[in-house]
Amino acid sequence: MKIGKSTVPRTAICTSDEHTIVVRGKNLCDDLIGHLNFADYFFLLLTGQKPDAAASAVLNATLVAIAEHGFVPSVQASRMTYAAAPDALQGAVAAGILGCGSVILGASETAGRLFTDVAARMDAGESLDDAAAGAIRELKAGGRSIPGYGHPLHKANDPRVDRLIAVATEAGADLRYVRIAQAIERAIPGIVGKELRLNVSAAIPAVLLGVGFPVRSLRGVPILARTAGLIAHLAEEAEQPSGFALSYQATRELQYEGEVPEGFLGQA
Amino acid sequence: MKIGKSTVPRTAICTSDEHTIVVRGKNLCDDLIGHLNFADYFFLLLTGQKPDAAASAVLNATLVAIAEHGFVPSVQASRMTYAAAPDALQGAVAAGILGCGSVILGASETAGRLFTDVAARMDAGESLDDAAAGAIRELKAGGRSIPGYGHPLHKANDPRVDRLIAVATEAGADLRYVRIAQAIERAIPGIVGKELRLNVSAAIPAVLLGVGFPVRSLRGVPILARTAGLIAHLAEEAEQPSGFALSYQATRELQYEGEVPEGFLGQA
Amino acid sequence: MKIGKSTVPRTAICTSDEHTIVVRGKNLCDDLIGHLNFADYFFLLLTGQKPDAAASAVLNATLVAIAEHGFVPSVQASRMTYAAAPDALQGAVAAGILGCGSVILGASETAGRLFTDVAARMDAGESLDDAAAGAIRELKAGGRSIPGYGHPLHKANDPRVDRLIAVATEAGADLRYVRIAQAIERAIPGIVGKELRLNVSAAIPAVLLGVGFPVRSLRGVPILARTAGLIAHLAEEAEQPSGFALSYQATRELQYEGEVPEGFLGQA
Amino acid sequence: MKIGKSTVPRTAICTSDEHTIVVRGKNLCDDLIGHLNFADYFFLLLTGQKPDAAASAVLNATLVAIAEHGFVPSVQASRMTYAAAPDALQGAVAAGILGCGSVILGASETAGRLFTDVAARMDAGESLDDAAAGAIRELKAGGRSIPGYGHPLHKANDPRVDRLIAVATEAGADLRYVRIAQAIERAIPGIVGKELRLNVSAAIPAVLLGVGFPVRSLRGVPILARTAGLIAHLAEEAEQPSGFALSYQATRELQYEGEVPEGFLGQA
């Protein structure tokens, strides 16, 4: 059944014959394996270009920054899945990745779109602070939260933010989007009525957009990074299981609020 | 409900307070971000140790080698999923990862277990060639295939194999498992009755086991690597859709072999 | 780490002790197993109420209508995943479900929201035809397509539509949303400029909303139904594999549009 | 790239043209929608045959029995996933299904294979009790657990077991596999050294194998059933969130057992 217009698949990423694998126009074996690190290869796969030194430093730093933060919900979901289905490592990884959605890790993409919106306002002539304030007012008017600002644990300061900005600065990256991110932070109290500090999900696009990382693939950064963390958690789960213990603890204070049949005593 | 023995979850990977995130005993921001590349961090997450130079070179090389090979089945599944559900990038990535199973990418783990089995035979006193032949005979007797040998496209020679071995050699890695992998390749024709050359799924454990990568996490290497490739494919899919075209092409020669009701004409 | 306001999980669906399982206030073993069919139980799980005869007839009919339609993209994705990872049936089912997204099967929910929007306009005093036209004009002004209208194969008439309406009529269901769906069909040519006939994704909410099925769970109907179809396809795949054949066919006309290194010959 | 022998996909499940959808040789609209319930259609999809009255009663009963049992690990994983990614209902359902693995719900398949093994021993001339004891001794010798026996909550008696057997008996189903399941239960104490009572995962194949349900699709029963339960939980989650509360509770007693850098104070 034909769905959509094109019936011929097309790609510019990879082709191969019996002797050669071509990726983004390069010979995989001669030009790439052993010549660049994995994060740089990710950049090449996405953009068709090898990253320069600044882009390499910044992309590696963001992937390291976001890969792991303990027993977050997606890690718990993944470990519970592995406990129930230990034969399928790939299934437990997939379950964890499915939690990289709009509320938690997807903020790196929505924050990135906020920054490019501010940049477009500046290109149209607004000052940095006016553009930042305008974008926040628009979010507030639409009843939406500011993506990438505020953190449930790191309230005063997400320590990854300053470190990522320092890495970008040392690497000589274009800091335009860092300045935009900071301008938004300054503008928030006056418009939203409380301080919300930059968190790692906003710092990631703030540093990456300046080195040519495409805004449309920003969500790929936490997805790829967390995959590494999930594989480590599942290796630990295989040796020292926590999945069922997490599930047990999670429901110790569960409150059942529905009806019960006559005579039902419950788990007292 | 309590399932299993322990009711308290435990971990040695990560802890944090408001100001500091600790990963494998290091301060994430002071010691790790900006100080090591993403693949090295993956090694640290998995093992608790930073990789040495050889391990870093070899792990990065294997991740680059296996990340991308065109429109393989898992990439097709992922692109079709994205075409149908473009709002959920994480869902399309998960669909692709779910194809990293025993038949396709899981061979890197089963090949690794084959190599550690041969190594154990050698530790027990067998020669390299006897140990290799013994392990293959055992697989053959059990009716199992030799994981990591033979490739549907790269029949004479998978070009990634020589390149990975060259990288490991140049990096000064322990080549014990490379020699085991090659001994198996030599032994196959006499036992199996045909040549089956080392493919990339065997080359990966052959070089990684020599630099301290844990055998139990070998399947994590293609999973992490393919995640990078999938994210690139989905970025291309978002700009130039192929998912439905793949689906259309896939069924052009579909044969329906069931019954039909009287009068049904079909799609002719 | 605390995310969100509540720290205590709550539910009204199920509780149990050692002797009794309570679902929606009923004793699962005494009151439910053997007393109602599976689709009716799904209705009870969702709403807390047993369906009446009309709701039972209509819900069963919609699940039967949407469960299976051959090698659609999600079935292909699922079969390819199973071919690559046959040890994990649940993984291949999950890969198929991940294709129940906004473009393909999710239309049953968005169509349902369109119908409740028209109903709200009627409650506010508009006539059926004015309300239908108003809702379509709004979609068109926003550049959005009309969810649930038009089908790539069943162009003149999706045969499931008339049959679902006939079942609902025979069962004595409230047909209000059917009339709304038909009014939209009539209004489309004048506003959109071409005929787009009701398809099964619109017929499902058209009949279900009249029997008390909650609009917010409409996407659950194709998800549950397709799960049954996927399990059947994977049983066939285990006996007569098509997954890799689909993948092979899909790329026979693949066009590579990127660069190649000097001397690369390609697969000619 | 060609993988495997066949390059032409084949199916006997469904075909269609513009006017007619054929499923298992029947006209979907004329013969099926409105003529059989959803579970019966699942049976037809799987086997190509409509179920008789006993098979219909038993299959519906098993699906009702296993669909829901509160906040089990897979429900928790699904609700946490939905909390993090509420835009993708299908992703949260998929995450829950990925927990239908070998340890938890997959036991219905492995128990079914145990029962067909006992039946084969009986066909070869062994008595019921000898065949049951022989099969258990073989499992014990291999260091494997008895699939479908023992339950962490319902220790003395899983109430679903007697009810499923009663439904099968009332429906006039062949009870051969029920007798096998009960013989295994009787044989366990003498061989394993403790009582392990039949649980629902063994009762499901015990009743289903007698009505012609294929052993190879037994794992599909809990997968399909739990999909219904998951959709209900996610509807509740959308209205009254528990996902993040579960995650918070789960880690209240989490013990970090790794090293910390000098000066790290922790969350005290």
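Just so it is clear, A, B, C and D label the chains in written order, and each chain counts residues from 1 on its own.
Here is the rule we go by: a contact is a pair of C-beta atoms (placed from the backbone, for glycine too) under 8 Å apart; a residue touches a chain by one contact, two chains touch by 3 or more.
All values reported here derive from a predicted model rather than from experimental measurement.
Trainee: Please state the rotation angle, between 0 and 180 degrees and to the nearest 5, that superposes the Cα atoms of subunit A on subunit D.
Mentor: Here the rotation carrying subunit A onto subunit D measures out at 180 degrees.
Trainee: Same or different for subunit A and subunit C, where same means more than half of the interface numbers show up on both copies?
Mentor: Both copies, subunit A as well as subunit C, present the same residues to each other, with over half of the numbers appearing on both sides.
Trainee: Between subunit B and subunit C, what distance separates the C-alpha centroids? Give it in angstrom.
Mentor: 34
Trainee: How many angstrom lie between the CA centroids of subunit B and subunit D, rounded to a whole number?
Mentor: About 29 Å separates the centre of subunit B from that of subunit D.
Trainee: For subunit A, jot down the residues that touch at least 2 other chains.
Mentor: Each of 1-3, 8-16, 20, 30, 70-73, 83, 85, 87-88, 90-91, 94-95, 98-101, 106, 153, 244, 246-247, 249-251, 253-254 in subunit A touches at least two other chains.
Trainee: Where on subunit C does subunit B make contact in their complex?
Mentor: Listed in rising order, the residues are 70-74, 76-78, 80-81, 83-88, 91-92, 94-95, 98-106, 243-244, 246-247, 249-254.
Trainee: Using the touch definition up top, name the residues of subunit D that touch subunit C in the complex.
Mentor: Listed in rising order, the residues of subunit D that touch subunit C are 1-4, 6-16, 18-21, 23, 28-30, 32-34, 36-39, 41-42, 45-46, 57, 59-61, 63-65, 67-71, 83, 88-91, 93-95, 97-101, 106, 153-157, 159-160, 162-164, 166-167, 170, 214, 216-217, 219-220, 223-225, 227-229, 231-236, 238, 240-242, 244-249, 251.
Trainee: Once bound in the complex, which stretches of subunit D touch subunit B?
Mentor: By the definition above, subunit D touches subunit B via 1-3, 8-17, 20, 22, 24-27, 30-31, 48, 70, 72-73, 85, 87-88, 90-91, 94, 152-153, 250-251, 253-261, 264-267.
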